[in-house]
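Heads up, there are several structures right after this.
Look at the two complexes coming up: chain A is in both, with chain B in one and chain C in the other.
So, the complex of A and B:
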């Protein structure tokens, strides 16, 4: 009989068309236009003395404060304390969230018993927990980490559970047809299928817990942290310190976001999604 | 049911033990309806398939043909009657039955060759034997050079070839095909029909194809089982005594196809 023909030219053309194109380089700098313009306007307003200089400090003053904070080591200490908290809360919340989400997604009985309670629980605004947490755990690091864990927990649970539940029945049937054991189905069908959703949850947890870190430091005032730097600035009416703190918070958030996105792309490529 | 002489009858006698026959005896299936009552999806299905035969089941949607295939695959064990393969009752899915679904159902997180290897996941072969089998089946479906491609990078026709390779790689006794080309464009479909015919002739395994395409059923089948709906049952079985490879323009082929088609035209005309 005839030999197997190779995939036709049309198939190959389709394949070539489906290959992702290299990201365009020239577009990457456009995102900087707005911030640079804002700084320019800020600098102009400050240098023209149009507004009260106590309310609007000059960019130069902020830069000076930045040097002082870095040279004196205050920034490093504050940032280290904040990041340690954020990572501890993120880790605890994520691990708990993965477990809870997996049970909710995999076990219908568990879902029926715990699901409604969790759905009610997640409706409570995070900041509504602050009074209870401060009574139970004080104002120290333990209280803050508990608060951050709660912030990280919710998105991980929701996304993990959704990811597991939305594994297509058609793919589960493939596993069934080829005699996959329960363990194989879980690790080789459910997990890879749910992984992008799970990652989204973990990514949100990272962002939320960083936002919550500042909130916790602001509301549970004690100790050190970049949130405390903000409070100090506002109490002493030092706008330069406030603006500097905000910039640091934004920069850290942006860095986390960038790292998570890069990791997400790697995972997606590994899972054949890009 | 009597066995019709087929081009594979000789191969059957020499190559395969007769015990590999697929026997469907008095199979019925009903579902409880949501609004109460029962829906009889299949009733009194009797079908005997000799090893190496290609049997097409054709029928309009809702005649239960895909349900029948699911029962043979073992995904659903709640039915009346008996289904035997090689004299043994079918209980759940097994490695001696491969399946090709309508939607290719490849795992998007696995490459082409990894997806084919899914068919060998629980086979008692060494890793080396498995790689050799996968490579062999990549070649069988003509996908050399695409082993490392991801499913989203290949066309629908190529994805369905991967699915066929996955269904065949474990050397099943029976390959079940559930409207495998239904979602493809006409050109790709007829090309893959030719491919499937070539693979069947080369491998000589039993194939049971479910389709709503009469042309496809007659083109590929040694026998064409015509089904009708409510309740799903066999209307008649047409022997296709044409040599392989077949030609769609041959007068004998067209005559047989029109004969089968007439069943559907009559059914549509009936009240």
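So, the complex of A and C:
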């Protein structure tokens, strides 16, 4: 498989692109100018009735909708349904991805047999599979979880396989010099060295499966979830509901990002201490 | 092994990506070179799995293990694919899709380059824009869809805007990244030569940022193609994505599969092409250095 190394480079580059670049320290307050100005203009336009459109809802209306959704429990129910699906798909996809990635990384023959097929598979946009999945698994939770696990599987496989294969040869030689058994080599040389890459894969899987959750709720419309809240808002021309749903989705994605990063930092610190 | 914090690790990875040495691949160990039959077997191995799956598919269809409603026989899919090509339907739908990706990608890349360059060159612009940019980027294309849908309706502008947004994000971030990472030594050389600001940008910052920038453009295209499929799946009445939905609605799985194959093949081909271009660009740079 000649595409493996650059595939990893691509994934890292993709990660860099998905990662918000940290703003520089100085002048933090400047970052607030644009959003505040935008909200002010929005508010002004909405309250002055300059634009006569039902779509221009005031920020106050959005806040009110948010309050209603939270007080009525709709938000909690929708979020719980979405997150339960997301976590189920994420867990299945990650476990499967770790296994597949480990086999790909450790066995050259397995890699030769399965690697190219896997690379071809991952080129096809996951969303293109949704119609087929809906025929095979219906429109319910099963189909959604299948789709989510596929979304989570791909980055885990790529990064696990890559992490294992880029263990420095010098480290492996040290293991040989100490007369390590295969088991020892795996646990004490390969695993620690591959761990950062593996974690990157899991982290990407968390983000991908959240994006895929929204996609699944869009394209396999049934049941409830935060994606369905958006669709409902769009169908009833309720811009306040749409804006609210977008904010929630963005916030959840941001929270996941932050949690995963904090966790990774903690693990990194612990590994560094050993 | 010390683990860098993620942004730092990613930045280093991007920075060193161009000159990273090829990884040692276990498959390339010397034992692979022990005779022609061995090499032949090695070359054959990747085909094992697809051929086995194909055989299973053929056998399953021929023996009626699975109803053709659930999994149409391969011959059927092939026929549909040929029909699509000969009837000109494929050209019509692919044309619509290419148009959308073309407009969206060009618009998104242009905006991304301008935004990224502005943020990369001026700290003040960066301080003002980047936090908002980061926040908006957190919201995925699919969440933007209902918002934009209500604003501009279900016509072509909807697709252009969403595809442009998808392409814009990686381009802007990589441009910013590329502009930021000009080595201080190079900048000092420019100062020593008494370069004007314009010369600094055109002859030092830009050439140095070019590989990172190009990676951004390629990623932008990948994202644009992905969002095209999504947008067409949700809201369109022509295009390759629509073909998939249409086949699904009529329960013509052969049409669905044929369309998936076409979407995958086109995406793959263009990605390879950009990859090749990128590699050539990098080789030029290295030989020039």
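Operating definition for what follows: the second predicted complex is superposed on the first by the 230 of 274 C-alpha atoms of A that agree within 3 Å, B and C clash if a C-alpha of one lies under 4 Å from a C-alpha of the other, contacts with A are read in each partner's own complex, and residues count from 1 in each chain.
Basically, a contact is a pair of C-beta atoms (placed from the backbone, for glycine too) under 8 Å apart; a residue touches a chain by one contact, two chains touch by 3 or more.
Note that the structure is a prediction, hence the values are computed from the model and not measured.
S.K.: Output check: A:131 vs chain B and chain C. Expected answer is one of first, second, both, neither. What do you get?
M.R.: second
S.K.: Contacts for A:193 in the overlay, against chain B (first) and chain C (second): which applies, first, second, both or neither?
M.R.: The answer is both, since A:193 touches chain B and chain C.
S.K.: Just to be sure I read the superposition right, which of the two partners does A:180 touch: chain B = first, chain C = second, or both, or neither?
M.R.: Only chain B is touched by A:180; chain C is not.
S.K.: Which of the two, chain B or chain C, is in touch with more residues of chain A?
M.R.: C
S.K.: Report, in rising order, the residues of chain A that make contact with chain B in one complex and with chain C in the other.
M.R.: On chain A, the residues that contact chain B in one structure and chain C in the other are 1, 4-6, 8, 10, 14-15, 19, 192-193, 195, 271-272.
S.K.: Please give the residue numbers of chain C that touch chain A in the complex, ascending.
M.R.: Spelled out, the residues of chain C in touch with chain A are 1-3, 5-7, 9-11, 13-14, 17, 20, 22-27, 29, 42, 45-46, 48-50, 70, 123-124, 126-135, 137-140, 142-147, 149-151, 169-170, 173-174, 176-177, 215-216, 219, 225-226, 229-230, 233-234, 241, 244-245, 247-248, 251, 253, 256-257, 259-260, 263-264, 267-268, 271, 275.
S.K.: Can you list the residues on chain B that touch chain A in the complex?
M.R.: It is residues 73-75, 93-95, 99, 101, 103, 105, 107-111, 118-119, 121-122, 139-146, 149-155, 157-158, 170, 191, 195, 198, 201-202 of chain B that touch chain A.
S.K.: Across the complex, what residues on chain A touch chain B?
M.R.: Those in contact with chain B are residues 1-2, 4-8, 10-11, 14-15, 18-19, 170-171, 173-174, 176-181, 184, 188-189, 192-193, 195, 270-273.
S.K.: Where on chain A does chain C make contact in their complex?
M.R.: Residues 1, 4-6, 8-10, 12-17, 19-24, 26-28, 30-35, 38, 55, 108-109, 111-117, 120, 123-125, 127-132, 134-136, 165-166, 169, 192-193, 195-196, 200, 203, 211, 214-215, 218-219, 227, 230-231, 233-234, 237, 239, 242-243, 245-246, 249-251, 253-254, 257, 261, 264-265, 267-268, 271-272 of chain A touch chain C in their complex.
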